[in-house]
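Below, chain A partners chain B and then partners chain C, in two separate complexes.
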Partner chain A sequence: MKKLYSNKPVIFSLVLPGILVFLFAVLAPICLSVYYGFTDYSGMGEAHLVGFDNYVKLVHDSAFGRSLLNSLFLAIGFICIQHPIAIIVAAVLDKLQGKAEGVFRCIYFIPNVISVAVIAYLWKFIYNPDFGLLNNVLSAFGYQGKINWLSQQNAIWSVLVVLIWHGFGWGMLIYYTGIKNIDPVLYEAASIDGAGWWTTFFRITLPLMKPVIQINVTMAIISALKQMETVYLLTNGGPNNSTQFAANYLYQQAFKAFKYGYGNAIGVVFIIICILATVTLNTIFRDKQKA
Partner chain B sequence: MKKKVIATLLTVAMTALVLAGCGSNKGSAPVSGDTQNVQEQAGGEESAADPAEDAADAADETSGEVTIKLFSSLPDRKNGQGLVEQMIIDEYMAANSNVTIEVEALDEEAYKTKFKAYAMDGMPDVVSIWGQPSFLDEVLDAGVLAELNEDDYAEYSFIAGSLDGFKKDDKLYGLPRNTDIMLFYYNQKMFADNGWEVPATYDDLMALCTDIQAAGFTPVAMDGGDGWPMACFLTDILVQVAGIDYADIVSNAVATGDFGAPEIQQATQILVDSANAGMFQVGYDSQDYGTTMNLFTNGQAAMYCMGSWDCSMALNEDIAPEIRENIRAFTMPVVSGGKGGANDIAAWNGGGYAVSANSQVKDEAVKFLNYMYQPDKLSKYGWENGVGLSAQDQTAYLTGSETELQKQVMDILKNATSISGTPINDCGPSAFKTAIENEIQGVSNGSTSVEDFLAAIGAACE
Partner chain C sequence: MKEKENKIGKVVLWIVLIAVAAIQLFPLIWLVDFSLGSSNEMFTNGLLIIPEKIRWDNYVKAFVDGNFLHYLRNSILINTLAVILVVIISIMAAFACQRMKWKLNGFVSTLLVLGMMIPIHATLLPNYKIYSALHLTDTVWALLIPYVAFSMPQGMFLMTGFIQALPKELEEAAVMDGCGIYRIVFQIVTPLLKPSIATVAIMTFLNNWNEFMMASTYLSTPTWKTLPFSVLEFTGEYSSNYAVQFAVMALTAAPAVIVYVILNKHITKGVAMGAVKG
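Up next is the complex of A and B:
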């Protein structure tokens, strides 16, 4: 068997499908995107090279700038709101034990298994100023006005709530798995030493969860950058680009505005930003690990 | 030896898998029955017109069987225009037993996106199109639509000028389906119960909105989330401000990128003032078509601003009878100091159909297109189903049993002294359309100034 694995044709045949998939499904589209990013292609007819025109326009495009700011806002929201809550909930679930642990774990994960389209429309109805759940609840408590939850000022916060709610289950589950992998002996020792829940959490759980936190934070930032489906269905980037995100903006420019070349330029910049974000995060975490 | 055999087998298997994955099914023989599937379903999207099936289609042709792929922007096949389209398809297939028509229907936004993908990779045979520069300019430049012989349609009773939007260099590439009029639908009973009257001037409309608000209703249900209905509303105001100069002012602005004309500024300011005064529902700038229409059809809004294609509300049994039977319409009231009169209306010939230039069954597709436009088909069925006005003369199909709403809309068109033509958002390139439909949300809700709005849409014309 060992000889089989060192047989070059076998190795080649096993690796070839992966390489082909990478070449034709990843590398070739990226190369085409780079090419089209330098053209004025509308998606139909002929493409003409326009040099760096698309990239120059992109630098001055306030909607694209807004979409990057929104991604940053979302990433901060994930890291500062979603993940601390997810860690605490995971720790509490771990302590629950028994049937309750499984039941609550499922409940928290339910939003993740619902289709994005259903979630978007569900929240559209919840946020509706005329017949939505939120305004009806407020009305039941005596509030007379109608709050426009998806107004230009409020929309990004409303989108953040939906995305935090939707992605919470995954984050919580990964933290939960991390906590389950911590040696129970450590908790027993801490308990014998008289450590309380919070002390145990801050002195044992949190420090030992660092690798998991690093993975989750990286995933949260990438997810914030890649955000598209929920926003497309919930607000489509509006009103007036206030909830615009790069992927949604790319789609609008390439497929609605017939600016396929410009859309590809956005795609290229978007890929560069994603790579830079990943490399930066890896560098930060690697340095911390070394320290 | 055994290991060598295993190694060879693994290599061969893997190579076969890779080749199979990269292969094409173009040369494969059609499986019996596959090409006969009519994949029509009510209310949903359907099978893609796959260019890889062309070989199978060609085989069908030699045996007399023809499959026409129709790509439609009317996904609701049980109501309105989708129903009319489906009725004609069914009739055509019944009359031509060798013809199968496969329908793929998507709503407008998804349709336009996929249309572009098809334009790159092979169009279905018959497609929905819009005779407006924002859609058609790029499509015609790409040469994906077949030229039609205008002389063939001399007896089809098209309304004068209705074919113009579908032409380029005097060559005809499509046929219009509708005459669309921008309307205020209103609930007549609600008006009567509250002592409200149809406004004669824009000032009256504003006063009426104040009264409606005071009574606890939404004055006008507006689909601001999609952008284009509000742009049509702006067009309607601009027609009243500029009168018959509307088309010249807008085409000049699009050509120069300068939207600083006083008429455009005034019309935009009126839109902003109306929104500020609470003419529309709370959250109008983020609400979609269905939600907005529901506000009106549920009786929460007294008026609903939309095109004449929604006249079918009067026959829609999903709407409560006390509302459905009381739906009436009026056009934009005159603006004080404006050049437009009460009978200068915002109307145009928008949606229609065309045939793909590269269709494998072009002759049959054109034959089907011509069949659809026989005066007793789209026009007649459309009228009978209350889906608004056709781009063809419909007077022969008046039965006297039309809904009050249909009669009203017919009168509006009959009495019109001028018709605006293409709405402002469709007058420029698609980049302009995208820009104005985004920016109009900002200017109407006050987060963008009128000057910045006009500068932004001007920049999109460059």
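Up next is the complex of A and C:
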């Protein structure tokens, strides 16, 4: 057994495909990005090494700063708006027995399986000032103005709404699974002691959900950092960079502004920020769990 | 008193659930509703319309001019291949790192899972260069390689957990019977992992089915383009005919929604298992 399980050529053959994929599709592009990040390459012609010029420029680039602030805004929006609703809905859904439970759970998740391409175009129509659904809803309530939902002031909120709507089912489902894993005996005990719904929710459900909440919060922050596709189609970072995000910005710089080198420098910083954020969040939550 | 409170509670409970369901579904109902009318009917003040005549021809246009079948075929083919590769590669690597005895197992395992932290979109620029240099743009590899690469870390992570939980006795018995490692991996371990394979497959599918950023960067001809492109390329062609645009959006969303509704119990379970662990 021992001999068989430590056969080097066999081990090598088993991990080789995984390692090849990693080297070719993850490590190689990162190395190439690091190289191009030090050049003034435009996408065509020759690349010249320019040292840390791109990175110095990046520090003073207000659009990049705006991108990071927007990610922070999204993360706060997810945590303060989407997640409380998702937890409450999950807790309410858990109380429901029978067929309705499955039906509602299914409905909440439907937007999640639809392509961002469809979602972004659909919401473009919903936000349309002339015939969009949102202004029609407002006028049904008696408001007659035509609001431009994608203007510089409103656009980031509109993006947040789309993302909360699209991702709601996912967050809800994870909380729902967490709640299902809570021992029903605890609820019975609480009900014998005469605890009402809110007391049970705050004293039993929420505290026991702590690990699940931590996972969900981590995922919310990371996805806020990585946001690109919805914004790319809905506003493409505009108007005036008010909905800019790091991934979208590096793409624009490389392929629209023909600053391929600069785009790669943004990419390198972006990767570092994502890794730091993941590691930091995991460390914070792990320490807390031990304590 | 208690009973009355219970009744009020029930009503509030239902109101909350129905309100959220309405918010989640109404935009989609609106989409389907307007896709069956004519473009002129959009400029009404009502929330929904009752089309004067139900225009199925919007869908015919969407189906034909949106290249629906071609893109659907590509999506199914590429995603199926990606799922198969991710499952096989991650089972092999996870087994080697989890069960077999060698010095670097911890290091390799961490390395392969590390990919989860890398933002996909940061690799768009360098990968475009690499694929152009190797003449891989506009081939199926330009999608397959990154799809596998960015789903593998999660697959590997989940499989490692699942393999860890398997009892070792079966493998020991297999070794006694003279089984080689490859037979142990593919004939003994893999069948035991069925539910886990379903989870990995569902997560991989959900990750990649709707992906279009890489596809629109690495592909310029329609040969291998996937389903989101019926929407992306259609809007230019019919820019003033909104009703047909709505039809193409509804049509593009339909396969995933239909499959989800049919398999929703399994998918929910898979996502729950995958997400809580991931």
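Quick note on the criterion: the second predicted complex is superposed on the first by the 285 of 291 C-alpha atoms of A that agree within 3 Å, B and C clash if a C-alpha of one lies under 4 Å from a C-alpha of the other, contacts with A are read in each partner's own complex, and residues count from 1 in each chain.
Rule of thumb we're sticking to: contacts are C-beta pairs under 8 Å (C-beta built on N, C-alpha and C of every residue); 3 or more make two chains touch, one makes a residue touch a chain.
Every value quoted in this text rests on a predicted model; they were computed, and no experiment measured them.
Colleague: If you tally the residues of chain A touched by each partner, is the higher count for chain B or for chain C?
Modeller: Partner with more touched residues of chain A: C.
Colleague: I'd like to know which partner A:201 touches here: chain B for first, chain C for second, both or neither.
Modeller: So A:201 meets neither chain B nor chain C here.
Colleague: Go through the superposed model and pick first if A:256 touches only chain B, second if only chain C, both, or neither.
Modeller: In the superposition, A:256 contacts chain B only.
Colleague: Return first, second, both or neither, reflecting whether A:130 touches chain B, chain C, both chains, or no partner chain.
Modeller: both
Colleague: Looking at the overlay, does A:30 come into contact with chain B only (first), chain C only (second), both, or neither?
Modeller: Second partner only.
Colleague: Using the superposition on chain A described above, determine whether A:241 touches chain B (first), chain C (second), both, or neither.
Modeller: After superposition on chain A, A:241 lies in contact with chain B alone.
Colleague: Taking the superposition on A as described, I'd like to know which of chain B and chain C A:111 touches: first, second, both or neither.
Modeller: The answer is second: A:111 touches chain C but not chain B.
Colleague: With the two structures laid over each other on chain A, which partner does A:149 touch: chain B (first), chain C (second), both, or neither?
Modeller: The first partner, chain B, only.
Colleague: Would you check which partner chain A:10 touches, where first means chain B only, second means chain C only, and both and neither mean what they say?
Modeller: The answer is both, since A:10 touches chain B and chain C.
Colleague: Considering only touches as defined above, state whether A:175 meets chain B (first), chain C (second), both or neither.
Modeller: A:175: touches no partner chain.
Colleague: Could you give the residue numbers on chain A that contact chain B in one complex and chain C in the other?
Modeller: Common interface on chain A, chain B vs chain C: 4, 7, 10, 14, 17, 130, 255.
Colleague: For a test of understanding, state which residues of chain C touch chain A in their complex under the given definition.
Modeller: Touching chain A from chain C are residues 9, 13, 16-17, 20-21, 23-28, 30-31, 42-47, 88-90, 92-93, 95-97, 99-102, 108, 111-112, 115-127, 129-130, 145-146, 148-150, 152, 156, 172, 175, 180-182, 185, 206, 209-210, 212-213, 217, 227-229, 231-232, 235, 242, 245-246, 249, 252-253, 256-257, 259-261, 264-265, 268, 271-272, 275-276.
Colleague: List the residues on chain B that touch chain A in their complex, please.
Modeller: Within the complex, chain B contacts chain A at residues 3, 6-8, 10-11, 13-15, 17-18, 21-22, 109, 112-113, 116, 119-120, 138-139, 141-144, 218, 224-225, 227, 281-283, 285-288, 291, 295, 300, 429-431, 433-435, 438-439, 441-442, 445, 447-448.
Colleague: Show which residues of chain A lie in contact with chain B when the two form their complex.
Modeller: Result: residues 3-4, 7, 9-10, 12-14, 16-17, 20, 42-45, 63, 124, 127-130, 146, 148-152, 155, 235-242, 252-253, 255-259 of chain A touch chain B.
Colleague: Residues of chain A touching chain C in their complex?
Modeller: Per the touch definition, chain A meets chain C at residues 1-2, 4-8, 10-11, 14-15, 17-19, 21-22, 24-26, 28-30, 32-33, 36, 85, 88-89, 92-93, 95-96, 100, 102, 104-118, 121-123, 125-126, 130-131, 133, 136-137, 139-140, 165, 168-170, 173-174, 176-178, 197, 212, 215, 219, 225-226, 228-229, 232, 247, 250-251, 254-255, 260, 263-264, 267-268, 270-271, 274-275, 278-279.
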